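See the structures that follow.
Two complexes, one shared chain (subunit A), two partners (subunit B, subunit C).
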Partner chain A sequence: MVLGTLNVLSAISLLFIAAIGLAVIFGVMGVVNLAHGEFIMMGAYASYLVTKMGYPVALAFIAAPVTVGLFALLLEPIFFRHIYGKVMESILATWGLSIALRQVFLLAFGSGYKSVPYPTDAAVNLLGTTFSLYRMLIMALAVLVWAGIMLVEHRTNLGAVARAVMNNAPLASALGVNTNRVYAGTLVFGAALAGLAGAVMAPLTSAYPSMGLNFLTNSFFAVLVGGLGSLSGFVFASASLGASNEVVAILVDPVWGSVVLVVVALVLVRLRRTA
Partner chain B sequence: MTDNAKARKRTAIPPTWQALRLSPLSTSTLALAAVGLAPLFVSGYFASDVLARAMLLALVALSLDLAWGYGGILSLGQSAFFGIGAYAVAILTLRWSSSLAAPAGILLALVLPALLAVVVGWFVFHGASSVLYVAIVTLALPVLLSAVDLRIPKVTGGLTGLSGVPYFPWDSDTTTFYVLFVVLVAGVAALHWLVHSDFGRLLMAVRDNEQRARFLGYRTPAIRLVVFALSAAIAGLAGALYAPFNGFVSYDLLGLTLSTNAIVWVALGGRGTIAGPLLGALIVNILEPTLNRAFPGFWLLILGLVFIAVILLFPDGLYGILRGRRPLGAGLRVVAADAAQAPEGALAISARGLRLSFGSLAVLQGVDLTVATGTLHCLIGPNGAGKSSLINVVTGLLRPSAGHVAIEQEPLHAGKPDLVARRRIFRTFQASNVFETLTVGDNLLLARGAGRMASPFRRTTVLDIPPAAFRVLELSGLDAKIGERAGELGHGERKWLELSMVLAAEPAIIFLDEPTAGLSAADRNKAGEVLIELVRRHKLGLLLIEHDLDFVKSIAQRLTVLGNGRILSDGAVAAVIGDPKVQQIYGGGLGEVADGRGT
Partner chain C sequence: MASSSRRAGFGRACLCAATIGILLVGSSDTGFPQDAAVIKVGAIVQLSGPAAFLGPSEEAAYRMAITEINKKGGLLGRQLELVVADDATDAATANTDAKRLINDDEVAVLFASSTSASREAILPVVTRNRKTLFFYDAIYEGHACDPHMYVMGEVPETQISPIVAYLQETMGGNSWYFVGDDYNWPHDTATIAEKAIPAAGGKLSGEKFVPIGTTDFSAILQDIASLKPKFVLLILLPSDAVAFMKQFHNQGLQKTVQPIATLVEQSAISAMGPASEGLLIPAGLFADSKPAAKTFEKAYQETLGVNAPKQNFIAINGYDALHLWALAVEKAKSLDLAAVSEALPTVSWDGPRGTVRYSAKTHHATFPIYLGRIGADGAPEVIKDFGPVDPGPQCSF
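Moving on, here comes the complex of A and B:
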């Protein structure tokens, strides 16, 4: 029972971490990033390269977000800037980007799984159950990321400006806010969070070119169920989807777990629209 | 294909380039003719393998074009439908040794994908469906189905798939080629017929402006469901033919690869044309084996980059560049109906105790309002009084926080504007709301349909609209612009068009949100005459939101003043204007009107 609860909590944390970058980019900019999964994949490969070069795996948790954030910064002027506010174009263009990125990594690294060592193999004893310390740390990280974003959003000028742009971009722009810079900043921040998610996932799943797809749909469902620009809604969505997925995965089978996640998401969105 | 099509093809041959630009049908015909004659010129392997496969996949591209290009449903799930079709035929023909196995398999290949599409569509098309939500849910389909496929190896063969699927009931590759060719030609012809029918116009109207379609009475979620199911069945049929053609099916048929490729073919070719996706799918699939051998691994990367470039630079696709601006079909002629308007029954829509709040902002604070046939009713009030919100609630766009709306004592379910419209209660919008990508004539055609399902077998060429609607066209000069795209009209003309549209729908009651805003004084007077006549002669009920008090005084029979979300005064025009509470808001200006000294 304790183990089950811990597994569910850890699944929720993983979904939260995988999807938070997407929630930030989509919530502030309304840009639909279908390459989000590939951003996570790039973070995982960054982790792999860091450990392969002999550096401690802990460094990956800095290197991965920085790498992916920089990549997004480079792409901003030539790619993302052209699709702000255009839903259909951003779906298609980022889908194209995800195809291209998968192919680049397939060519560069091959289709095989590149394993990344756990930062710690230790286990903790909780109420008589041993549980991986790494997974405990992931839960702590999820809480930390959540608290950090809450702080930035509500207690800093940066957050106030981002909220202003989210609410009414033309007005914010008329008041002298450089909305392009806010967009670029948000994009880089969201991409860095995706990179961090990649570093978190890498020891669990290894790095491989098509890994992003697994995170993409679940992340999007969390964001869509949570509703636009609402962190608490997003936390609720991650919790309900992550929990239903994991409970079925433990009781029945992981495949049916992911089916259940989609069904629960469909029902929740349909209920919200009817209410 | 129709005589018309044949005629067009005959005349198209000399100035080929011009024909390609102007007639998508001739482009499709030429492309199909080239494929059909190809076996005479290319190797047997090339025809029976590469070309035949390309034709099958072109069918998938057409199915996506129907859903996405014409229906606005960006489906990333076509491979799921294709895969289900392929498995249906493979499993039945392998496991059931009966002559019925193949036909039953094909039937299942049509029905199962359509059912899946209906179930998924029931969830995602509800309310105002967003492109993104549809895309993500349909994206999940292939991902989930290929995982489930691997999970049930007893049925699907798991990782190894199902091999040895029986070939077609004939042996010759050439026969297969021409059977697939006939299927593709039939698909192109059927799709061409469908999108040029009245139903096709409705489809494009829903794609471009779902809200307007709902307010004309169309059940837009149902229309999307039909199209999505049809698209899924076509993809399923392609899968059903693929199984015996390939002899082998496995989980990767269900996976995202085919879905992704289909999006690329359709986007490259140009969505919302038939020729574009057909050419896109044929060309990419014919080139692919060669280029894949030449640049192993890089072909997909190049395709991905070309795809991005096309999306960012040429959103209409490559055929869109070739074609330039689509010439508008001269098809429709609009005439005034001979018969006088059908006698109208009396009808009243009433709101009781309406409240509407957004968070702490109370927009409506307990409003009662009745609008009945035979009355010209004006609603005035300062900016922010809640006038438009009131109409939005009454016509079903917004859900009230409290209170209810009833048509003839029959309570109305909020959030169903199409139900209101089907009781012959229509509305216009403050910022004019028409189908901008369609012609003036097609706008009127859809309005005339007023929620009745448009026929997929008919193409209306002469549209008769009620005399009142036709008068509006004449007054505004729109009768000379029937073939023009509504999006290219001026602001005033669009308002006139919208008025003509709601009149063409044979309304009992119309809500008009600032119908004369932005019109010149002369136009405004013309509009006033039309409105008065509608009420006097045709016994319509009108509710106008207005700002111009002189205009209101000259036309209104009844006046309601709204302030801060409450009814300040309601009744006969003179009495309301004399009301001290109203005087307080409008001050001197209204006094002049009340005293009859206004100009």
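Moving on, here comes the complex of A and C:
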């Protein structure tokens, strides 16, 4: 029971961390970033390179978001700037970007899997159950990321400007807010969060070119259920989808878990529409 | 890694150029007769898509066999030429590849290292055409039968059945748990293993399937921790097997549970890092397992270079199959379909794995199976030689 509860919490945290970058970019800019999975993949490769160069794997949790954030910053003027607010165009363009990124990494690193060690192999003892310390740290990180975004969104000037652009971009622009700069900032922030997700996932799975696709679907559902531009809605979506998936996976099996995730997502989206 | 991929790309570019050249020469009416002395050998491999991690080794296995045969003077006094097609791990592409190789390139024989889905897409092209034999070379779920097809690769009967009794005897314990990806190969393998385990006095504690591409195995690991089986059989694709083993190890389960993997090669083993230690793999080929494997490795590096893609138990099937076909052609003294098919079960080939032959009754190959154990250095060590293992009544011709 204790182990089950911890596993459900860790599943929720993993889904939250995997999807938060997608939610930020979609929420503020209306860009459905289908290259989100590849951003995660790039974060995982950044972790691999950090450990391969002999640095401690903990450094990857800084290096991966910085690398992917910088990459998004470079792509902003030539790619993302042209698809802000265009949902359909952004789906097509970012899907193309994702294919290109997968192939570039396949050519650069080969098709093999790259190992990233765990920062810690220790286990903690909780109410008589031993549980992976790394998974406990992931839960803590998820809470930290949530709290961090909440603080930025509601307690800083930056957050206020971002919310203004999110609610009414033309009006914010008329009031002297440089919306393009807000968009660029949000893009980099969202990409950095995807890079962080890559660093989190890499020890669990290893890094390989096509790994991003495994994260894209569930992240996409979480964002759909969470709705546009609401952090609390997104937290609720991660929790309900992550929990229903994991509970069914434990009680029945993971195949049914993945089916239930989609069903719950459909029901929640439908309920939200009618409400 | 980067340089070898570039080389593969360059090789493919050359191949394309060569193919275009041949097409141009073949279609021009002004002369230049096609080189009738060359025998074209078609090979469909997985150079891109989800199974791209296998493609370069698969292509190299065929190339190695062709080079060796050509060095010895070719076949029936003619040189062999390899025509490679990439099926992108996609059945529809495999079907187009097969049509192109058979109808346009007019290959004398067709080989494929592919998924079962691709095999099923290639077969109709082969049977409709009735000009070439088709060799399917891959580990698979078994029981694929066609008069024009010969199969070489581990099947559940050769990979699982021999190890059950041996492991229970040597390691103690008799409870088993299966974790598989949710598609036909793992399901069919589990069905065979379900029968093999009680037959050897074992019992099945649990069996769970996961979607392909699962990244979080916590639910399965929780199940294993509560059922406490002695053995856990991984019927997972390599990427999922890597994730499973890394999380299995991180939860400390390797202290009490013995994992056995059916489909991991060197890249997956090294990606597992320290989690790979103690993993058992039943398969046909391990580098350095036998003098024959060592001799092959040396010749392979001399022929294709030290940076050639590493051979593994999956790709090597293509190498042995091509040699067996060549021996059958020599014996039949012709490329005629019926004559080669008749000669094929009567020849045997001593390859890197040991002696390999096809059965006339089942069209499946018998070859030795070994049990490898991954050491602390990530290198497999052969702990048991099961000898040639008959795949049993796969088909009946």
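The definition used in the following text is that the second predicted complex is superposed on the first by the 274 of 275 C-alpha atoms of A that agree within 3 Å, B and C clash if a C-alpha of one lies under 4 Å from a C-alpha of the other, contacts with A are read in each partner's own complex, and residues count from 1 in each chain.
Basically, a contact is a pair of C-beta atoms (placed from the backbone, for glycine too) under 8 Å apart; a residue touches a chain by one contact, two chains touch by 3 or more.
Just so you know, these numbers come straight off a predicted model, no measurement behind them.
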When subunit B and subunit C are modelled together on subunit A, clash or fit: clash
Touching partner for A:Ser258 - first (subunit B), second (subunit C), both, neither: both
Partner chain in contact with A:Ser132 - subunit B first, subunit C second, else both or neither: second
Contacts of A:Met211 with subunit B and subunit C, given as first, second, both or neither: second
Contacts of A:Val32 with subunit B and subunit C, given as first, second, both or neither: first
Contacts of A:Trp146 with subunit B and subunit C, given as first, second, both or neither: neither
Partner chain(s) touched by A:Leu107 [first = subunit B, second = subunit C, both, neither]: both
Partner chain in contact with A:Trp95 - subunit B first, subunit C second, else both or neither: first
Contacts of A:Phe61 with subunit B and subunit C, given as first, second, both or neither: neither
Among 150-158, 330-338 or 366-374 on subunit B, the segment whose C-alpha atoms clash with subunit C after superposition: 150-158
Shared contact residues on subunit A - subunit B and subunit C: 106-107, 213-214, 253, 255, 258
Residue ranges of subunit A touching subunit C (in the complex, touch as defined): 3-4, 7, 10-11, 14, 106-115, 117-118, 121, 123, 130, 132, 134-135, 201, 203-206, 208, 210-211, 213-215, 246, 249-250, 253-255, 257-258
Residues of subunit A that touch subunit B when the two form their complex: 32, 79, 82-83, 87-89, 91-93, 95-97, 99-100, 103-104, 106-107, 213-214, 216-217, 220-221, 224, 253, 255-256, 258-259, 262, 266-267, 269-270, 273-274
Sites on subunit B touched by subunit A in the complex: 74, 76, 123-124, 126-127, 130-133, 135-137, 139-140, 143-144, 147-148, 150-151, 256, 260, 263-264, 267, 297-298, 300-301, 303-305, 307-308, 311-312, 315
Touching residues on subunit C, where the partner in the complex is subunit A: 1-2, 4-6, 9, 48, 50, 52-53, 55-56, 182, 208-211, 213-216, 218-220, 222-223, 225-226, 238-239, 242-243, 246-247, 249-252, 267-268, 270-274
